[in-house]
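Pasting a structure here, questions to come.
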Amino acid sequence: MSNIGKRLLKEKIAKIAMQLSGITITGSLFFIVGTILYKGLPYLSWEMISQSPQGGFYIGKEGGILNAILGSLYLATCSTFLATIIGIPISIFLNVYVKRGSFLERTCKLLFDVLFGIPSIVYGAIAFSIMVWMGIRASLLGGIITITLLTIPIVVRTIDELLKTIPGDLKHVTFSLGSTRWELAKVLLKYIKPGIFTAILLAFGRAIGDVAGVLLTTGFSDNLPKYIDEPAATLPLAIFFQLSSPIPEVQGRDYASALILTFIILIIVICTHLLASKQQKHKI
Amino acid sequence: MHTSSSIQTAETQDLVTTSIPHIQIKDLNVTIEGQRILKDINLSIPNNSVTSIIGPSGCGKTTLLKTLNRLVDDAKGVEVTGSVLVNGEDIYAKDAEVTHIRKKMGLLSQKPFPLPMSIFDNIAYGPRIHGEKNKQVLEQIVETQLRNVGLWEEVKDRLDASATQLSIGQQQRLCLARGLAVKPEIILGDESTSALDPVSTQTIENLLIDLKQDYTIVLVTHILRQARRVSDYIIFVYNGEITEFGRTDDVLLNPQHEITRQYVKGFIS
Amino acid sequence: MLALSLVVIILILVGLGIKSMPLLQAESLGRILTESVWSPLNGSFGFLPFIMGTIWVTLISLLISVPLCILASAYLVEYAGEALRRMVLPLVNVLAAIPPVLYGVWGVLFVVPFLSQYLAPIVGVETTGYTVFAGGIVLAVMIFPIMISIMVEVLQTIPYELKAASLSLGATKWETITKVILVKAKPGLMAAIVLGISRAFGETIAVLMVCGNIPQIPKSFFDAGYPLPALIANNFGEMMSIPLYDSALMFAALLLFVLIFGFNLISRLILNRLEGKG
């Protein structure tokens, strides 16, 4: 084959390889969701989401995972709330009150980047040690504290990225109108309002899906969560535990639980998307 | 509109020698994303000479240049009709092979863009791609081209150094050498000295004048003085059409059209 | 509030360090890192199986995901139009939102049976499927989003004129990609990979569910393994009853923290330098 023929053939093959890679990667999303849907749908029932485990649930008898669903919702909501009210002021502080480009600013941003990257198991391990040392037993509260610490960097980072997109002129104009830094902060917050909801959703998604952080700190319970200082069930943990059961009925319910969690996550993703496009509309 | 083009064709017939013109453009129309950039271009570029394309910014000069080596294909939403004949063959024919065409044209862009490799590899890049593997041959090519652009003495001891370490004037000469290494027939220059200091500019200009003995050279420039210094022929493009074409002195000193006169005198830019 | 975050990091390091002290006093650092026997009941704390487990699983995931991500990113930037990019990139980012436990479920549902029933017989190996290979495959999918998003960003910063220069010399698009674009983008691509590594190191649950959890040094793709995070997650229950066990687990956490911190730092530095130049 001539030189040019060989080269063009290489290009054709390369192009196919590239397209296959792209399809594999995008396809894996549908594959994963599809597998869970396929296996979990047959076992999904009203009972699953409306009842907590009755006696014998773990050997295949009646009940549902309402305990875990509620537990996760409580946990994620509280943690996200706390993380937001702590994280937003931190981010505002970093971007408004601290001098741009200063050593302090760069160090802190690097710090939060690092905190962002720490796996939840490390957070869990530390929180557990502290709890042991303080004599607190595994409980919903323990989980809330751990997950809050875990999600604060997410909130800080997301808000930080959002604030970066604000045109610098906005800040100058606001200052030149004679406003204080606090008033500037309020203006910035208003500007990125939809983005704040995105940050909240992202944090919530992380909080509700986490296993490693709650494994050691929240315990597990078959009861509906009532008191904050008692162990509580969480959805990811319920999935984790049920998976190793040898009983097919329980395995099936595990897939259904996974499906429920998938639905929750997909709803969050869709909401994030809708918010993101809404934010685009109001951009300057 | 049509009248001026046909006048140009008649004039070009006079100017070009009887041999087949290297480049002939027939009824070329280029539309990019719905906007007509080049309209009914009919032109023959004279062989072994330097032809400069001048005109106000945004009027299609660079697009015209890019149609010559089909780099215009890369633009979004581009539609090209008509034909560009190089040595009698239409490079826009359905079965035309693009890399072959581009090999015939050397491109010198506005800012030098050395490839991310050593000086030697930059120049050897073209020949290697086209199948040359013999080390001695490659060394010979590199030395020849570096001598051609007057860079040999300056870099012969550091051929393995990264090309980005050269000064910007040297880089542009390197790019010229790189382009010459694939033995093109035509050299295209897109404002190739606008990023350079006056000394480097002069070096490149002199090189181009020397090279016209063996190559046909088409340059885009917005510096009228450069066009005057360097070119044998000038094409004036205005609003996507060829308004005037002729020998340098004729166009610059005795423009036939009012618009040309206005541009040459500096009233429009 | 700011001081609080600085304090938090220092507290983590110090806290983990202190809790690891008993172990480090009992054995030398070099020994525990290279010793391959893990038997806390007998007082033997060799971390090598877990370090190797993490390395195996991470390497396999890189082997799978790096070529796929580079090829896909090159396609998205060089061949695909804006419309395709706008459709594909958000989809890939949804992968990042999926909780690890669901990856684990998928791993158990599909990857493990696939390995034990289809792939292993082809290669002539017997396995339960709960292997480092399974862990690697699951991890590979988990790090797709972070690598692709950075790679695409990096490739988009390559100036058009550089590609034009290569094309003008008569190179094909693919040649331009491999010899010019990817070469120019190398630092950025490395940063993406390093970030992917740090993500892979720390992933606990998904890998734990499919890797077999046997504290041995894996010798092949089809061996079971036991990565570092899984060690911590699996054994917290027992740690109070065996001497030095809690210290060992804290040391594992410290090790993990230091490694991830290091990789993150390297990647950020590379990306920051690129941002500054561009």
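Here the chain labels run A, B and C in written order, and each chain numbers its own residues starting at 1.
Definition applied: contacts are C-beta pairs under 8 Å (C-beta built on N, C-alpha and C of every residue); 3 or more make two chains touch, one makes a residue touch a chain.
Just so you know, these numbers come straight off a predicted model, no measurement behind them.
Geometrically, the chain at the heart of the complex, using CA-atom means, is C.
This structure's chain pair with the greatest number of C-beta contacts is A-C.
When every chain is reduced to the mean of its CA atoms, the largest separation from chain A belongs to B. Per-chain Cα centroids separate chain B from chain C by 49 Å.
The mean-CA centres of chain A and chain B are about 55 angstrom from one another, to the nearest whole unit. Centre-to-centre separation of chain A and chain C, using mean CA positions: 19 Å. With touch defined as above, residues shared between interfaces to two or more other chains in chain C number as follows: 172, 175. Among the residues of chain B, those touching two or more other chains are numbered 99-100, 129-130.
Counting only residues that touch two or more partner chains, chain A has 7. Within the complex formed with chain C, the residues of chain B that make contact are 69, 71, 74, 99-100, 102-103, 105-107, 109-111, 113, 115-117, 125-126, 129-130, 175, 178-179, 182.
Those residues of chain C that touch chain A in the shared complex are 1-2, 5-6, 8-9, 12, 15-16, 19, 67-69, 71-72, 74-76, 79, 88, 90-92, 94-95, 97-106, 108-110, 141, 144, 148, 172-175, 177, 198-199, 201-205, 209, 229, 232-233, 236, 240, 246, 249-250, 253, 256-257, 260-261, 264-265, 268. Partner chain B is touched in their complex by these residues of chain A: 3-4, 7. Chain B meets chain A in the complex at residues 97, 99-100, 129-131. Partner chain C is touched in their complex by these residues of chain A: 7-8, 10-11, 14-15, 17-19, 21-22, 24-26, 28-29, 31-32, 35-36, 39, 86, 89-90, 93-94, 98, 104, 107-108, 110-115, 117-122, 124-126, 128-130, 132, 149, 202, 205, 208-212, 215-216, 236, 239-240, 243, 254-255, 258, 261-262, 265, 268-269, 273.
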